[in-house]
Amino acid sequence: MLQILVYGAVISSIYALLAVGFTLIFGVARILNLAHGAFYALGAYGAYTLTANAHLPLWLAAILSVLLVGGFGVLMERILVRPLRRSMLAVLLITLAVALMVEQVLLLIFGSEARNVPSMMDVTYHFAAVDISGQRLLALGGAIIVLICLWLFLQYTRIGSAILAIAQDAEAAQYMGIATDRMYSIVMGVSAAMAAIAGVLVAPFQTVIPGMGLLPLVKSFAIVVVGGLGSIAGSIIGALLLGFSETIIAFKISIEWSQIVSVAAVLITLVIRPAGFFGKRGAF
Amino acid sequence: MKIDWLAAVLALAALAAIPLVFTSSYIIGVMTVAVCYGMWAASWDFMSGLTGRDNFGHSLFIGAGAYTAGFLNVEFGANPWWSLPAAPVIAVLFSLLMGFPTLRLRGPYFALAMLSAATVMQNLTIIFSVYTGGQDGLNGLFPILDSTLAYYYLTLAFLAASAVLLKALANSSWGVILRAIRGDEAACQAAGINVTFYKIVSLAISAAIAGLGGALYAHYQLQVGPDLFAVVLSINIIIMVYVGGIGSIYGPIAGAIFLNVLTETLRGLSEYRLWVYTLVLMLILFFLPQGIMAPLWQRLRARLA
Amino acid sequence: MMELLEVAGLNKHFGGVHAVKDVSFALPAGSITGVLGPNGAGKTTMFNLLTGFIRADSGSVRFDGCSLAGLAPHAIVNRGVARTFQLARPFTGMSVLENVQVACLAPRVRHRGKPRERANVLLAQVGLGERAQVEVDVLPYGDLRRLEIARALATSPKLLLLDEPFAGLGVTEVGPLAEVIRALHRSEGLTILIIEHKLREFMQLVRNVIAMDFGEVIAVGAPAEIVQNPRVIEAYLGTAPIDA
């Protein structure tokens, strides 16, 4: 029982990181970013290369990796996405192209065997007959801290308010002099960085393979749809719901069934309450 | 107009002639698959290309059609010919199930719902492996015709019939309404048109042909698997439509055949295949959003007329 | 005698905003009436309620004796109520002729003749006969306005709702368009309801005016009276007085 609680919490926090990043870029820029999983994978691989090849200390490698991926996200938005913004389908396809490219590049450079990223905390804790690795707890804590920082950023900085304004009404924000184009790049950078942080945090205990970004992408998407496209609170709640229901089902029934939760939830939501359970109606 | 039908007949003749020139069964196989993709691409284009309501889960109908063929033939031992009427019917049922709740709404809900529905079906076929054979799927379907050459001509005939049907509809007042839906749905309502009805029926037509293509594919491969519901398939089809020329019906068919042949030619360079695909995609999106085939034909036709 | 359109107690809230408040009025058949009011008065919202694009919180709308409650927009059009939009909404990517053709395919009028032929006739009626093959994407705004009216006419309505038909038109374009509307009123015997801001042409076009402010009907009467009405003047406080 405690195990479910802890594992569920860890998974949920990582999902929350991913989902919030995904919903940010969608809510603000209407970009359905299929490369979101690629950012996650790049974060993990970045941490790996910088520690294994550049021999940097893990904490430095982690920070660098996140910054690099964030920058990559900004570049992608500026060069590839911006010219295609009129068509949602075109944006979807181009981000897909990026995701495919990234996976191919990773495959070419690193091959398909799983890579080993050292843990930041090599300790294992024991609580009431449950073993939990320190790294997982770190992931949980890290994710929570990042989310809080994001919230503070959105609420209390000028750029943050600008982002929220655009998410509410992009046209009105433009009339008020907010440089929406530049904001989109910033938001993409933040979104990519958050995905990268998730990748870095889980790299020590997840399988690091080139295709590792696909499932997280699907989950982020599912959470965001259920929570409401563009709603940060919805994404967090959705992440908790998904994380815990997956953990419970995986423990009690089977892993296969747990994988269907996310997609089934999407379908049900779209049919019953398309704007998501916490999204604004007519967010489009 | 005449020149279009003439060109179509010529293209059909060319497709029919290919196996007579290149007599290997490998080529016939590639072309049969390409023809199936042609049906899938054309049917996607009819609904999404014309109305602009993008469908990210076309594979739902393909898989539905294919598995219908699989069940009827393998589980119930029915004569394989039964797959051909049954598959479209099941696919249409799926389209109605999905279409009714989601096509009423504006925004990307329809697109996303289709995407998730296809993925749900993929997962379900894996989970209920007792009935569906799981990852391995259903094997041992019987071919409809014993000669692969004859079967190629059968699928080609179905492609031609579908193309004629879809193009005729697209050129009729039905097509005018679908394009108006793409232009402005609210204005369409204000013009007295029951937009939801047209969207749902168009989706059903699209599903029927896709499902038929699925069954034809199943009876060629003689097996069906969960991959037929995969998102990858839906995306590949959309890429083919883009390459061919969205909205033209015949362009996507050309795009489908072209890309199938291209991928087969590159089969030797298996790692680079994905690169090629992705590069083609990027090129089209940035430089040729109207596609390649349809605009080429329009230019040619202007010269000839 | 029953009026063509009877609206009673129409209400609509958007969150905390009471956009349309207890609106009631009646339109006799064959009348040409104006709806006047500053921005945000609820005029377009009322149009949207009448034509089914938004659902009312309460109130009734009876057209030709039948209730329009709960009907979808296209169903209302097929009962004989047509509308134009505040911002022109053409079917992009299609020609002028095709735009009107679509409306000729509405069930109400589908069998009244070949859509293409009817469309051509309608275009001539609004003065767009020469521009049938032009792509709407390149059409000047004044012509887009006429196209909207042609499209609305195509469904053979008994009641025509025009939402700011003169908005965005240059000084020289207003007169001709007013003439088109006047001619249609005479020849087709249409009942017309027009939303507009203060405008000389508009006041000369309509027989009766419904003035709105903050979602409510504040005055009803002939143009000459409405212009003198203190509440109406107050609603326009800060802008030049209406001169008719």
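Chains here go by letter, A, B and C, matching the order in which they are written, and residues are numbered from 1 within each.
Everything below uses one rule, namely that a residue touches a chain if its C-beta (ideal position, glycine included) is under 8 Å from a C-beta of that chain, and two chains touch if they have at least 3 such contacts.
Because the structure is a prediction, the values reported are computed rather than measured.
Colleague: Would you mind checking which chain's mean C-alpha position lies nearest the centre of all protein C-alpha atoms?
Modeller: Smallest centre-to-centre distance to the global C-alpha mean: chain B.
Colleague: Would you identify the chain whose Cα-based centre sits farthest away from the centre of subunit A?
Modeller: Farthest by centroid: C.
Colleague: Any idea how many Å lie between the Cα centroids of subunit A and subunit B?
Modeller: About 33 Å, centre to centre.
Colleague: When the C-alpha atoms of subunit A and subunit C are each averaged to a single point, how far apart are the two points in Å?
Modeller: About 48 Å separates the centre of subunit A from that of subunit C.
Colleague: What whole-number Å value describes the gap between the mean CA coordinates of subunit B and subunit C?
Modeller: Each chain's C-alpha centroid was found; their separation is 43 Å.
Colleague: Which positions of subunit C touch subunit B when the two form their complex?
Modeller: 51, 53, 72-75, 77-78, 82-85, 89-94, 98-99, 101-103, 105-109, 115, 151-152, 154-155
Colleague: In their shared complex, at which residues does subunit A touch subunit B?
Modeller: Spelled out, the residues of subunit A in touch with subunit B are 32, 80, 83-84, 87-90, 92-94, 96-97, 100-101, 104, 107-108, 218, 222, 225, 256-257, 259-260, 263-264, 266-267, 270-271, 274, 283-284.
Colleague: Spell out the residues on subunit B that touch subunit C in their complex, using ranges where they run on.
Modeller: Counting only subunit B, the residues touching subunit C are 173, 176-177, 179-180, 182-184, 186-195.
Colleague: For a test of understanding, state which residues of subunit B touch subunit A in their complex under the given definition.
Modeller: The touching residues are 54, 56, 101-102, 105-109, 112-113, 116-117, 119-120, 123-124, 126-127, 235, 238-239, 242, 271, 274-275, 277-278, 281-282, 285-286, 289.
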